[in-house]
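Below are two complexes that have subunit A in common, paired first with subunit B and then with subunit C.
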Partner chain A sequence: MDRIKEVLNKFDMEYVEDYKSTWIKAKLKNKNDLLKVIESLKEVGVKTCSTVSPTDFIDENRIEVNYFLEDLFNKKNVWLKVDVDRDLEKCEIDSITPLMPSADWHELESFSTFGVKFKGHPNLRYFLISSDYYGKFPFRKDFDWEAHEQNLIENINSISDEFFEDYEKNEKTIGHEESKTVLNWGPTHPASGPIRLKVFINGENVEKIDADIGYVWRALENLVERKDFVGSIVAVERICFMDNPNPMICYSQAVEEIAGKEITPFAKYMRVILGEVGRIASHLISAGSFFGTMGLQTFLMWNLDIREYFLDVLEDYSGARIATASIEPGGVRYPLNDYKAWFETIQKAIDKFESVKADIDDIFIKNPLMSSRAKGNGIFTLNDVEEYYLAGPIARASGAKIDVRIDEPYAAYGELNINYVTCENGDARDRLYIIYKEIMQSIDLIKQAMKKIEEGIESGEMNPTKDHLIRMPRRMPAGEAVSRVEWARGEMLMHLVTTDKSTSPYRLKMRAPSVNHTMVLNKLISGKTLSDIPLLYGSMHICQGDLDR
Partner chain B sequence: MLFQITEKIIRVLKGVTEPRIAVKDVVSEPAHKSPIFRGRHEVRYDICTGCDACNKICPVDAIKMKPLPIKRPNKVPEVNLAICIFCGLCEDVCPTKPEKAIKLSGGNIEMLTDGTHEALDNFWVRVNIPDEWIENKKREEEEKARKKAEMLAKKKAEAEAKKKQEEAKNSNRANVSSKPEKGEEK
Partner chain C sequence: MSIGAALFYIIVFPGLLFLLGWTFFVFYFSRKTLAYVHKRVGPHFNGPAGSLQTFWDILKLLTKESITPKSADPYLFNIIPIIVPLIAALPVILIPWTPLINNGHGILDTNYGVLGLVVLIGVEPFLLFLTGFGSNNKYSFLGGMRILAQMISMEAPFFLSALSPALLFGTMNLYDIMFSNTWLTTLILLPGAIIFIIAMLGILEQPPFNVPDAEQEIVYGFYTEYAGTNYVLLKFAEFTEILVVSAAAVTLFFGGYRGIFFDSFWWLFFKIVLIAILVVAIRASNPRLRLDQMLKFTWSWLTPLAILNLVWITFAKLYIVGV
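Up next, the complex of A and B:
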């Protein structure tokens, strides 16, 4: 940490200060120094860019660009801020993509939503929004949504022109030599989800993959700004339903940090249980759809059956299976009136999984056909993890010891017994194995948390009907917070900005892992054959919900 | 022969009385029923205070307040089920105790609609208030208002009487003529 501070202090900084246990927060005065700062940070080991998050301060006529830079293996992170001018012509900053490839799509996203031009970016283009998007830069505070909607309704028929242009351009550039062509994999492919992969192929060999995203872009980060602090949870949870409670934990932590409140131990353990149940529900689908992409749907059906029992757990607690809205700033939303009955439901779900486990092991995990296709296919090394910031299970499959639950313990994870789960090879098969191992780990964590709650209630320290929620202030003070959780598919980072006496968030940036996992597809699949696309794509456990937001 | 016929008749009769295989109504009896399942809303107009809290918190603007010709509640919530996301925040903020005036938990799972545009337009939780209840409430309110007015008038009269007395006392003590004051009163 001291070395990073030394490096930062060499430059003209407004302030350099500690933030939480693993972060250093700094503000750069001159935006022209940015590249030099990044270069010298790289020398001391901070090699990864987690995300780029601009904040539009319309009253002060500036846009503050926040860089979240991480040293993944030594757990030292830097939060770097730079001011840029708000006027569209002067709104420019140097691109850090040539130095840190992991910033690529995050910079494109900032450009498309805030209009911050990144000088020197290899391919600066409109991303998420289409090139004929009316009004441009939707997350700026002065964007006119009504005029945009009006324009959209009037010109609804001319929007599909882009596809024809694309087609004609491909006809000209690719030519008719060899058997080169462009395949559209998705957005309605059974294994793809709402994403379009433009696959440039020569015969059966894949030359390049270009992902076209934005099919389920709901501008959640902007929707949050229109709701109050409690109502925001329904926008936050819609980032992806497969693992539902964890995004709400992340958001609630950020709000609690700004309000300066500490939640009760009971609520902390409840968050652990709900989060882990969500993780299992997500992992079961991930593992099932990995086989699904290979054409074997049986495993997915089995997993959906097991998943129902885990959804019952969520339903018994919150009253809904998928969109639970079960965690809000200040704790968890509902009291636990009959904790024994709820624990029984959890036990039932765990028993169900364990009764099928032997069969799953024999039929699917040791499946020779799967092994022959997935073993040694699509390998990520530790360098790739650092360069492209692969997160969560994908990174751990390559042997990287990264887990926010251990690195920066939140909720009650600091008091539980938890270890890194890793695989060694980093191929597609390991990315299935790691999922399976993590389900076991989650079940273990749930059991530990259940025991702690039981002990707490019996000794009278916890009151399940009253401790679930603490009182939060209606109006928040001005502040800024960064909160991270280990989501089912990797690290989730939320950057929340509030103004004084506000009733709704001023800006919320949600960083989700699927962005980086989709970004790296080109590197992963280029040079492979056509039949590898579904397999490798399925092994990345990508969800378009958190890719587009 | 006769025995066989009677046996068959008895068998058929048994079949009539025995329960059929498809007796379970899966629409109203789900495989797993949560005690606080967030289902179709129940709006209790008789305890609603018309405070508008549910309308304000609703993150998707599914609630519309129906105005009433009475003072309390002067409006009651109606929910558009085609927009509602069943987050249950309206129930959380409802201030009535011990029972909530708008309630989802333990609610009805039956929510079937054709899915056509017209059907979705009419897919609402409506509050049907009988006219008699409104008339009653109106009468009660009028009664209350009358009583209140009476009380006010009484109080005013008392206050004035007191004032006069005091004035009279003052004028007596000071022995100053009170003609101009009387003139003002007229």
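Up next, the complex of A and C:
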């Protein structure tokens, strides 16, 4: 940490200070120094850019660009701020993509939504937003959403015009002479989900993949700004329905940090249980659809059957199975009136999983045909993890020891017995195995947390009917916070900014792992065959909800 | 053959109605069996245990609009779905279905039965390639190319293993082959039967060889642009082909309609259903192979094994069965 501080202090900084246990927060005075700072940070090991998050301070006529830079293996992170001018002509800054490839799509996103031009970006273009928002920069505070909505028909026409232009361009540039063509793999393809991969193929061989995203862009980051602090959880949880409680934990932690409140131990353990149940529910679908990409639906069906029992757990607690809205700033939303009955439901779900585990091992995990296709296919090395910032299960499948639950313990993870789960090869098969191993780990964590809650209640330290929520102030002080959780698909980072006496967030940046996982698809799939696309795509466990937000 | 008998053969058994009934049955049967393995219920509401579901499904498809895409070749696109089921249904005249028809022979009792079966089954994929070609859709075309690649490589082991009973018994007449079969010869033919069934999975595009209509890769292969009646006709052809190929397997290797205590159509049917269960079980537990893996498997394993099998049959004919 000291070396990083030394490096930062060489430059003209407004302040350099410690933040949490693993972060250094710094503000750069002159934006022209940025590239030099990044270069010297790279020399001390900070090689990865987690995300780029601009904040629009309209009153002060500036846009503050936040860079979240991480040293993945030594757990030393830098939060770097730079001010740029808000006027569209002057709103530009050097691109760090040539130095840190992991920043690529994050910079494009900032450009499309805030209009920050990144000089020297290899391919600066509008991205994520549909063509009716081009040049309007919807996340700026002065963007008029209502006026925009009034031209609905024209907006739709401009989207379809863009599509036809693209189609004609493809047909003309490629022609009909050779065996080359462009396949639209999505957005209505049986295995794609709402994403379009432009696949340039030569016969059966894939030459290049160009991802076109934004089909489920709901502007969640902007939606949050129109709700109050508690109401925001329903926007936050819709980032992806598969693992539902963890994004809310992430958001609530940021709010609690700004308010300066500490939640009760009971609420912390409840967050662990809910978060892990959400992780299992998500992993079961991920593992099932991994086989679904090879035309075998049996595993998915079995997993959906098991998943119902874990959804029962969420339903018993919150009344909802998918969008639970069960965690809010200050703790968890509902009291636990009959904790024994709830624990029985959890036990039932765990028993259900363990009863079919032997069959799953024999039929699916050891399946020779699956191995022949997935083993050694689509390998990521530790270098790739650092360069493109692959997170969560994908990184751990390559042997990287990364897990926010251990690196920067939140909720009650610090008090539980938890270890890194890793695989070694980093191929597609390992990305299935890691998911399967993590389900086992989550079950273990749930058992530990249940035991702690039981002990706490018996000794009188915890009161499940009263301890669930602490009083949060209705109006927040000015401040900002960064909160991270280990989501089912990897690290989720939220950057929350509030103004004084505000009732709703001023800016919330949600950084989700699928962006980077989609970004590497070109590198992953180029040179493989058409049959490998669904397999490798499925092995990245991408969810379009958190890709577009 | 009287006109009445000919009409009966064409319309009732083993012609149109029988094939339609089979299509309904096998569609329902595979759905229900697969649902059982998936821990689902499967068809449930229409008819007893959902048995009428397929009937209504096909009725629904018949009432749907048959769409011909603007870019497709309208003649090729619409004629092939009529030719395909006809070609697929032709081999039924060669197979001895039941002791009650034609004294237990096939309707067309010829000394070249095996050859006829093999040729008529082999023509089918080229027609399906034409559907993909005529659709003028990238996915359909890729599916068509894949089906050609798969058929060219799968037909070699398929034909070679189909020859093994003909070689062993010295005849190509299906009736003679069926009645020459004993428990001993069934054992001798077993390796050939296994190769035949594996190649059959490839010919019928069943998992793990469902490369040509790999849903996750090329949508629905050559089926992609088809809807309504044309789709029903193509599906009807597919199920007819399943029937013909598995009936051929039973006739060639497992004694056709001959059974314990009595000879009947139901023995043949029972054996076909056993093969169908095997196919569904493989389908429910195995992912799809890649195209290049499939090619490698057929050319470097299956075809050499099929040739070795012929050597084994010759050996058995000389030294075990005796000429």
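Side notes on the structure shown:
Rule of thumb we're sticking to: the second predicted complex is superposed on the first by the 537 of 549 C-alpha atoms of A that agree within 3 Å, B and C clash if a C-alpha of one lies under 4 Å from a C-alpha of the other, contacts with A are read in each partner's own complex, and residues count from 1 in each chain.
The working rule: contacts are C-beta pairs under 8 Å (C-beta built on N, C-alpha and C of every residue); 3 or more make two chains touch, one makes a residue touch a chain.
Note that the coordinates shown come from a computational prediction; the quantities given were computed from them, not determined experimentally.
Once the complexes are laid over each other on subunit A, subunit B and subunit C both fit without any clash. Of the two partner chains, neither subunit B nor subunit C is touched by A:152. Contacts of A:316 after superposition: subunit B is touched, whereas subunit C is not reached.
Of the two partner chains, subunit C is the only one that A:373 touches; subunit B does not reach it. Contacts of A:301 after superposition: subunit C is touched, whereas subunit B is not reached. In the superposition on chain A, contact of A:334 is made with subunit B only, not with subunit C. In the superposed model, A:532 makes contact with subunit C only, not with subunit B. More residues of subunit A are touched by C (comparison of subunit B with subunit C). Using C-alpha centres, the superposed arrangement gives subunit A a vertex angle toward subunit B and subunit C of 100 degrees, stated as a multiple of 10. Nearest C-alpha atoms belonging to subunit B and subunit C sit 11 Å apart in the superposition, given in whole angstrom. The contact surfaces that subunit B and subunit C form on subunit A in the two complexes do not overlap at any residue. Chain contact summary for the complex, subunit A toward subunit C: residues 181, 183, 189-191, 204, 291-298, 301-302, 305, 363, 367, 369-370, 372-373, 529-534.
By the touch criterion given at the top, residues 227-228, 230-235, 308, 312, 315-316, 318-320, 323, 325, 333-334, 338 of subunit A touch subunit B in their complex. Residues 32, 34-38, 57-60, 85-89, 92, 104-105 of subunit B are the ones that touch subunit A when the two sit in their complex. On the side of subunit C, the complex with subunit A involves touching residues 37-40, 138-139, 142, 207-208, 210-211, 214-220, 284-293.
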